[in-house]
């Protein structure tokens, strides 16, 4: 990806538009058209943000893991994979943050507190922290290959926590059954329109995700290219550093 | 001028492929290009002395040749392995003595040498031999390294290197801290190593010492080779 | 023979009281008597070179004179303070450069020198002066010490010592890692220090270098003085 | 690979035997942790209910210290570089250090369990004891493997102390859960039956296996950098 | 003495600003400690009752790390020897390092308290807040002083990590108790009334004063060896 040209193409522009539109639609359905829930009441509308983002975040992390594997595998080794992994993880973390936020708001409404030590809630927090750690590993510095190799390993391990989160409700003898019960019941009792809205929100977030990853991955490519440009200047300076001078002056 | 290095640098019998071959190699520390395009060829059996002011890039060059740093630009091969793709192989064939000694301070001198020897399945005799080479055979062999004097630590590090029997020896200021006797022992050690088919690159400021030993002197300045040097210069 | 040291060791003008005066001094590391009875007198303005094989006790002697080690046996006084009773006072009057550099690796070169300078209320000019003395005035002054090359670290440590303006300078292998230019700068530094009334003890294996500078050479072997040396020997 | 592993493990354990850091430092530390818990929570019923959790919390805190120590040995005088150029097989190093780590952790856990039984007067019967032992083994192995893997990853880097807890704690969460539940069952704490423990043991075994394989494969690329 | 103190404190804080070890490492560590506690105890009523204790446990664990770090700076490259021969007044060093330590601890405690209020949903009213703040100051000062004193004691000796937790934890027990009780009162946890907190604050002040005076006097002899 040569420097100078922007990161958007007709395709990504179309994608962007589609994302915005679908988000608007989600707002419409989520806030107006879809009915309140029998148990949850109006607060159920949070569900569309809460669950939509989680699922897309899952997808993002899985993509990160897959492209990390692709990087580690010698035959397909290329920094493109590393950049995709990085971009995907970034927005994954973003969505996860939204999930946590929406979730705790919802918790305030339905459990009366922002935070409970429910298994899923906690494991989600861990998953979130893991990928924050992943991003930390990414900007440890060092060469691009170094960054790619280190972070790929972390990504492949961190992704294993997703099943843990998903099945945590069953794994963990939670003192807060009510929470995960709520999870289930609402699932069961979602009426058609709610289901549709949930699906719609998931689609919308997916569009946003794809749009972001495409752009971000190109930006990262440019940054790497830029590093090399900077290196040229530094090289010239370094080589001239010595001429005619004595010691380290 | 670097390209010249290849020609002038290589000894008459250019039939064998060189042990170290760098072409415009660049190595980056953080964001700083400590090596800014080094072109250098070292043939088997040479003892190359790397010379240059503080910060010239000697340590960086040695670490690059040891496969500890990635090649940011240019091409290079060491002991026949490509530096961009086969650094893991390179590492298994070189021996490096850095500014740090790389010793386990809670183990005795002998235990340290034994450990490094064991990595290449060295026999007990060979271990004792390497201890003896560096004059550590006596009382010192069983003193915990952490208690040794600076020079004694340096000797131990050298003994570990000897025990490892590498094909390419990379030494970063090996004289530092050694007394007169130790420096003679070091010279003998390097001669013996070359005699047994190894190749040596030494970075040092002790020109009087190392100069006599070296078959070639390479001047590094500002991360590049100022003078590739000729045979026996 | 140690007792002889006192007489031969002291320069003609024995009027002033000596800066260092050790009589049969013994220092113990762990359970090992690294110094086994050292008798030595150093007059103001001398530059004494401590010579001797690895493990002879040079570092231990310097640390004893710096007041960092207790006197196990014998008597001694440094800059007029008794080593058994006034070690805390001694410490405030000497400057020591050990094998380690004693730098803060997260601070820049200048910040390090400033800190040590500030402990003696040195002015900004004096700090810059000491940086300049060791050729650290340029780009390097603002690089974090952790990233410097070995020799650049050593220079920084020396600059810190200069900034501290001690009465007795104790240097343990100050040449280690310095390039040719750095060694010249070191010599100038020491001469300047002596000119400004300081006294210097240097432990070193770089005899060619230090030898020329020293007003006296003291040979240590096995923890005692083998040859106290005379003026200008 | 296994020769290397034996070599490295033997080396690490000898260093420990010499310096006694784990015995003299980490054990008392862990013990103090338990005592401090007792202080902070001073309430018997609570303590008994939470004893198993505390045992494993103590273990995981100690794990952090032991891992840092295990790689401090290597980085203190640049020995890690020496290892990397010595052509020692990375999987060998990984397994070797893991083994040494596991041995030290095991000693630790035994102490902690003993303390828990003593301080928080939890009780244990035979079948519980069997379960407990079978829990310790896979749990310890898992922790040792994860610790070594991330320890190696953090070792070279500047902010290593920063990174280690950040990476380590989330990943060991499953062990914390599983081992705690199994131990509860063994202690019969909060009315759990021994039988409930076994599924968790299974989970721990899977966990250990995953990281054993994953780590052995991944350690090379990590050290390469 | 105070000039030295300012000098040393400034130096330590600058090192921290550069390396960000406390911010990037200890803060997340402390936060994770809290989360892990909650995880292991997983019981809200217990958590609310014990939140104050956990806050101070977290602080004390972090104290250990911060103190080790604070003296690692000095011993890493032999700077401590340089300090000892530089004629810097030991009391100055003591106070300087204590100040730097206190600043870092304070940042830490604020975070922990915030977490406790959020995660364990404890609540706090105005008078409680006042009490809490007045508790933090002497408690932190006390911890910083003790930490520096024993850190300096341990720094010289070989197995310093060995010694530190052993020496430190028993001595800080009073702070743990006092601060916990005061904080409980502030949180109104386990039905404690705010007024109950003040006596403890008094105790903390005495504690801090004692170690301030004692430490300043004792630090010189300590550095001797």
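Chains: A, B, C, D and E, in written order; residue numbering restarts at 1 for each.
Assume a contact is a pair of C-beta atoms (placed from the backbone, for glycine too) under 8 Å apart; a residue touches a chain by one contact, two chains touch by 3 or more.
Since this is a predicted model, take the numbers as computed values, not measurements.
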item: Co-neighbours of chain D and chain B - touch as defined; value: A
item: Required steps from chain C to chain D (each step between touching chains, minimum); value: 2
item: Longest centre-to-centre distance from chain E, chain (CA-based); value: B
item: Remotest chain, chain D as reference, centres from CA atoms; value: C
item: Separation of mean Cα positions, chain E and chain C [Å, integer]; value: 39
item: Separation of mean Cα positions, chain E and chain D [Å, integer]; value: 27
item: Chain centre separation in whole Å, for chain B relative to chain A (CA means); value: 46
item: Shared-contact residues (touching 2 or more other chains) in chain A; value: 129, 141, 145-146, 246-248
item: Chain E: positions in contact with at least two other chains; value: 19, 32, 35, 39, 42-43
item: Multi-chain contact residues (two or more partners), chain B; value: 30, 32, 53-55, 70, 99
item: Residues on chain A engaged by chain E in the complex (per definition of touch); value: 113-117, 122, 125, 129, 174-175
item: Chain E residues touching chain C - in the complex, by the definition given at the top; value: 4, 7, 11, 14-15, 18-19, 73, 76-79, 81-82, 84-88, 220, 224-225
item: Parts of chain A lying in touch with chain D, wherever the complex brings them together; value: 72, 119, 123, 126-127, 129-130, 132-133, 136-137, 140-142, 145-146, 149-150, 152-154, 156-158, 160-161, 164, 171-173
item: For the chain D and chain A complex, residues of the former touching the latter; value: 149, 153, 157-159, 162-163, 166-167, 169-171, 173-174, 177, 181, 203, 210-211, 214, 218, 221-222, 224-225
item: Touching residues (chain side chain C, partner chain E) in the complex; value: 66-68, 70, 87-88, 91-96, 98-107, 111, 115-116, 118-120, 144, 160, 164
